[in-house]
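Next come two complexes, and both contain chain A; in the first it sits with chain B, in the second with chain C.
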Partner chain A sequence: MIEITVKLFAQYRADHFKLEKRVYPKGTAVEGVIIETGIPIERFPIGVIMVNGRHFQESHILEDGDILSLFPKVGGG
Partner chain B sequence: MSDKIYRVNMKDLSYKIEEVPEEWMGLGGRGLTSTIVAAEVDPECHPLGPNNKMVFAPGLLSGTIAANSGRNSLGAKSPLTGGIKESNVGGTSAGIFAKLGVKALIIEDIPEDDSTFYHLHVTKEHVTIEACPELVGKENFEVLDAMLERYDKKVAVMTIGTPGEQRMLISNISVKDPKGKLRSHGRGGMGAVMGSKKIKVITVDAEKYKETHLADPEKFKAANKIFTKALQDNPISGEGLPAFGTNVLVNIINEAGGLPSLNFRSGNSENAEEICGEHMAENIKERGGSTTHGCHAGCVIQCSQTYNDEEGNYLASGFEYEMIWAFGANFGINDLDLIAKIDNLMDDIGVDAIETGVTFGVAAEGGLLEFGDGETVYKILSEDVPNGTPVGRIIGSGAGNVGKLYGLVRVPVVKNQSIPAYEPRAIKGQGITYATTPMGADHTAGYAVATNILNSGGYIDPLKKEGQVALSRNLQIASAAIDSTGMCIFVAFPALDDPACLPALIDMINARFGINLTADDVTSLGARILKTEHEFNLKAGLTAADDRIPEFMKYEALPPHNAIWDFTNEEIDAFWDF
Partner chain C sequence: MELESFLRQCALLDATLSLDDHRHATEQFGLSYREVESVALEMGIIPLRYLRNQSTISSAQQKILFDSHVLIVGCGGLGGHIAEILTRIGIGRLSLYDFDTFEEHNLNRQNFSTLTDLGREKALVVKEALERINPSIEIQSFVQKFDPLKEKQRLEEASVVIDAVDNPQTKLDLAKSCQELGIHFVHGAIAGMQGQFTTDSTLEQLYPNGERGAELVSGNPAFTVTLAASIQASETIKLLLDIGESLKDTFLVTDLLYNEFEKLPL
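Then we have the complex of A and B:
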C-alpha cells in the first residue's frame, strides 16, 4: 500500500475535506484517487492536477509519500 | 453624432473640443492612449513636469451593452518606470465618457499658480476648471461624498488622495464603481502625475449623455449574446471567479511553488490557508457579505465582492488576490481581516496595492519594520504617508527606491516597478512578460500564468524555458488588443478556450462602427500597440538592459523547486522579433 496526502481545493472542498492522508494500493493512478474521493467532477470537471507541485495527467501513477493536489478550473489575475 | 477629443490645458486653465483625427478613428482604450502619448509626449520629458500629458480613453466597446466592456484606459509617461504607461480600470468612467462622446480626454501642462488644486468637470459642451481648496488634504471617500452631494448620483469620479497630492510613486487614481466604492488606475504612479498637474478630482456628467450609437444594432445584439454566453459557460469566468473571486489563486499558485513569500525568498507561504479564497468565501458566507459584485455595470462575471468583519460590518470590497498576496504572503500578515482593513485604508488614500505591498516587503528586509507587522503598516499608511513624514516619503517612493535607500540586493522590480504575485523563477512565462512588457513588471500585460499553471490555452511547463517567449509574445499582443476594446482581462479565459468568443467580440466592434475587422487585423493592432510603446521607451532612454529580471533571481534558488531565472539575454531579446 502507499500513503498519499490528498489536498482538495475550491468547489471540491464542499462536503469533502481540505487535506487528508489516504492509503491506496500500489500502482494507483491519479484517476483512481479522483474516483475514490467522490469529488463532483461531473459538475466541476478537473482543471489542474499537481503531484508534489508539478503538473500531471490523470494517468500518472502515484508513489508512496506523494502530495496530490486537485483543482477544478480556476483563474484570476 | 461623432465622438470628440477633449483637450484641457492646465497652464492657462482652458479647454478645446476637437475633431478626432483620421488616424485615431479606429482606436480606443490602450491603443488610443499609447498612440496619443507616443505622438504628443516628449519621451525625454520629466514625468512630473509640464511636458507630460495624461490621456484618458474609454474602450472601443465601452458605453454599449456589451458584457464586461467598461474599462477605461489612462496613458502617460510613468514617473515610476520612466517609460510609457497604460493603466486601465473598471468603475463607471469608461461608460460615461463613451456615452458623452468623449473619445479621449487629454490633459496638458501644469498651472502657473501651484498654490492650490483644481476640480475638472466634463460635460458634453464644456469642461469647467475650478480651484477646490476645500478638497485639498482630503482622502478619496470624502472627495467622493462631496461630489455625490453636488451632482447626480451616477456622476463619474476620478480622484487622488494625499499621496497623489504629494506626488508619491505608490499613488494611484481612484474611480467610482457602481456601488459607490472605488477601483483604481493602480500602477505606475499615475496619482503622482495627476498631482503634478494640480488636479484633485475629475468628474464626468452622467445626466445628459446619449446612448452610444451602433452602426448595426441587430448584428451587435446577436454577437453580444454569443459573447455573453461564452463568458457564462466558461468554468473560470462563469463559476470560479463569481464563487471565490480572484483570490482563489492563492492556493493554486502556492501549490505550484510560485507564490512569492517574505520578499520573494520562497515560492510557498505558511499563511496560504489563512488568506486563501476558499477561507475568504467561507467568511463571507458566515458574515453576510457578498461574493459577487461587478466593478462596472454590465459585468456578467462579477469577480468582485463585499467582505465584512465578524460583526458583519463592512471591511472591504474589490478584495483582490494581488492585495491579499502582497500583504499576506509577501509581507507575511496572517490575518485576512487586518489585510481587509488595510485594503480599505489604501482605497481611501489612493495607493497601488502591488507597489505598496512589495515596498513594505523590501522595507521589512531593510529593517524599517518586521515582516507580518500589520499594525505598523496601518499606522504608516494612515499617519506617515498622508502627512508626508520622512517614513511616509520612504514608503511612498516605491520598492525600487526603498531597496536603494537600504542598500539591498533582493529588490523585486523590473523597470523600477514591483513584481506582482507570481514568481518569475517558478512561472517562467510570466517572468518573460515582466521582463519585456513596456509597462514594467505587470502581470496583466501577458498573463502566462493561464497556460503555465491554470491549463488555459493549453499547457507549457512553468519551470522550463521552452515555449515561454512565444507564449508571452502571443499573450501580450492579444492583451494589447483586448485592452483597446474596454474589455476586462478575464475575458481572456473564455477567449483562450472557447472558439466562439473572439469572433463574437470582433463582430461587436464591427457592428458598433460599421467596419470589417478580421482576427488578423486585431492581432496586427495589438502588435502595433506594443511596438509603439516599445519605441517610446527606447526614445525615453530605456534599453534592452532594462528588459531584465532582477539579478538575484539568477543565483538565489527559489524553494520548493529550487528554481532560478536562467534565460540568456539573447533569449529574452528575441521577444521583440515580430
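Then we have the complex of A and C:
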C-alpha cells in the first residue's frame, strides 16, 4: 500500500476535504484517486494535476509519500 | 511662449501638471492632451493625475508606461476592470477587443455595464468610458472576435497581451501565438471564488482541452473578478517596468473562500 497526501482545491472541497492522507494499493494512478475520492469531475472538470508541485497527467502512477493536488478547470473571464 | 516654457512655468511648484493647465496647453498650442502629456513626461513633469502613482512608479517609469501599448482581449469582467486600471495608471496605448454586447446578466460584475448601455457593444462602451477618465490615452476598440492565430500582426504591435476572454480554446491559442512571437502574455481566469494566473507561459498544462470549466456552474462574482483584474494589471505593470517577480513559469491560484494564495511551478 502507498500513502498519498491528497490536496483538493476550490469546488472539489465542498462535501469532501482540503487535505487528507489516504492509503491506496501500490500502482494506483492519479485517475484512481480521482475516482476513489468521488470529487465531482462531471460538474467541475479537472484542470490542473500536480504531484509534488509538478504537473502530471491522470495516468501518472503515484508513489508512497507523494503529494497530489487537484484543481478544477477555471476558464471564466 | 513655447510649450516647454509653458509647462515649466506650470510645474514650478511641484513638478506636476494640473488638469486645468493641461487643458490650457491644448488650447494655447493647438495640441491634443496626448501630445502635451508626451512633452511634459519627456521633461520629467508628470500630470497631477499620476501623483499618487509615486513613488511606486517614478516619473521616468511613468514615461515608459506612456510609451507602452497593451492589447486586452475581452472587455467583459476581467477586461473592463483591467482596462480601467491601466487607463488610470497611465498606459499610453490600449487596444480592446470584444465582439459582444452588454446584457443584463453582466451587471453583477462587468465594469461600465449600466442600464443605459445594455445592448451596446462592450468594446465601444469601454472605450468611451476610458476616454472620459483619461483623454491622453490612445484607445482603439474593435468589435470583433479576436483570432490569435490569424491576427499575429496585431499581437506584435503590443508590449503586453492580456488574456481576458472566457473561452479556454481562445486562451490556448492566444498563449501559443504570444509565445511564438515572443510577446509578454498575462493569463487570468476565474470561477466562483477562485482565480488562476500565469505569465509568459503556454496554457496546455492548465487546459487539457478547449472546453469550458467550473465557471459554468459557479459563476463569476464581482469580488473575484476585481481581484483577478488587479493581479493581471500588476503583472502587466511589472513586465513593462521590468520590476519585481512575474508569474513566469509559475501557476498562481487564489481562493477567496479560504483566503488562500497558492503558488506552484509550471
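Methods note: the second predicted complex is superposed on the first by the 74 of 77 C-alpha atoms of A that agree within 3 Å, B and C clash if a C-alpha of one lies under 4 Å from a C-alpha of the other, contacts with A are read in each partner's own complex, and residues count from 1 in each chain.
We take it that a residue touches a chain if its C-beta (ideal position, glycine included) is under 8 Å from a C-beta of that chain, and two chains touch if they have at least 3 such contacts.
Because the structure is a prediction, the values reported are computed rather than measured.
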Checklist entry - So, does A:35 touch the first partner chain B, the second partner chain C, both, or neither? => result neither
Next on the checklist: I'd like to know which partner A:11 touches here: chain B for first, chain C for second, both or neither.
Outcome noted: both
Next on the checklist: In the overlaid three-chain picture, which partner chain does A:23 touch, first (chain B) or second (chain C), both, or neither?
Outcome noted: neither
Next on the checklist: Going by the contact definition given at the top, which residues of chain A touch chain B in one complex and chain C in the other?
Outcome noted: 9-11, 13, 18, 44-45, 47-48, 50, 53-55, 69, 71-77
Item to check | Contact set on chain A toward chain C in their complex | outcome: 9-11, 13, 18, 43-48, 50, 53-55, 69, 71-77
Next on the checklist: Can you tell me which positions in chain C touch chain A when the two form their complex?
Outcome noted: 74, 76-79, 163-168, 171, 188-196, 205-208, 211-215, 217-220, 251, 253, 255, 257-258, 262, 264-266
Item to check | Touch list for chain B against partner chain A, complex | outcome: 235-237, 239-241, 243-249, 251-252, 255-257, 273, 277-278, 303, 321, 443-444, 447, 449-450, 453-456, 459, 461-463, 489-490, 492-493, 560-561
Checklist entry - Considering the complex alone, what residue numbers of chain A touch chain B? => result 7, 9-11, 13, 18, 44-45, 47-48, 50, 53-55, 69, 71-77
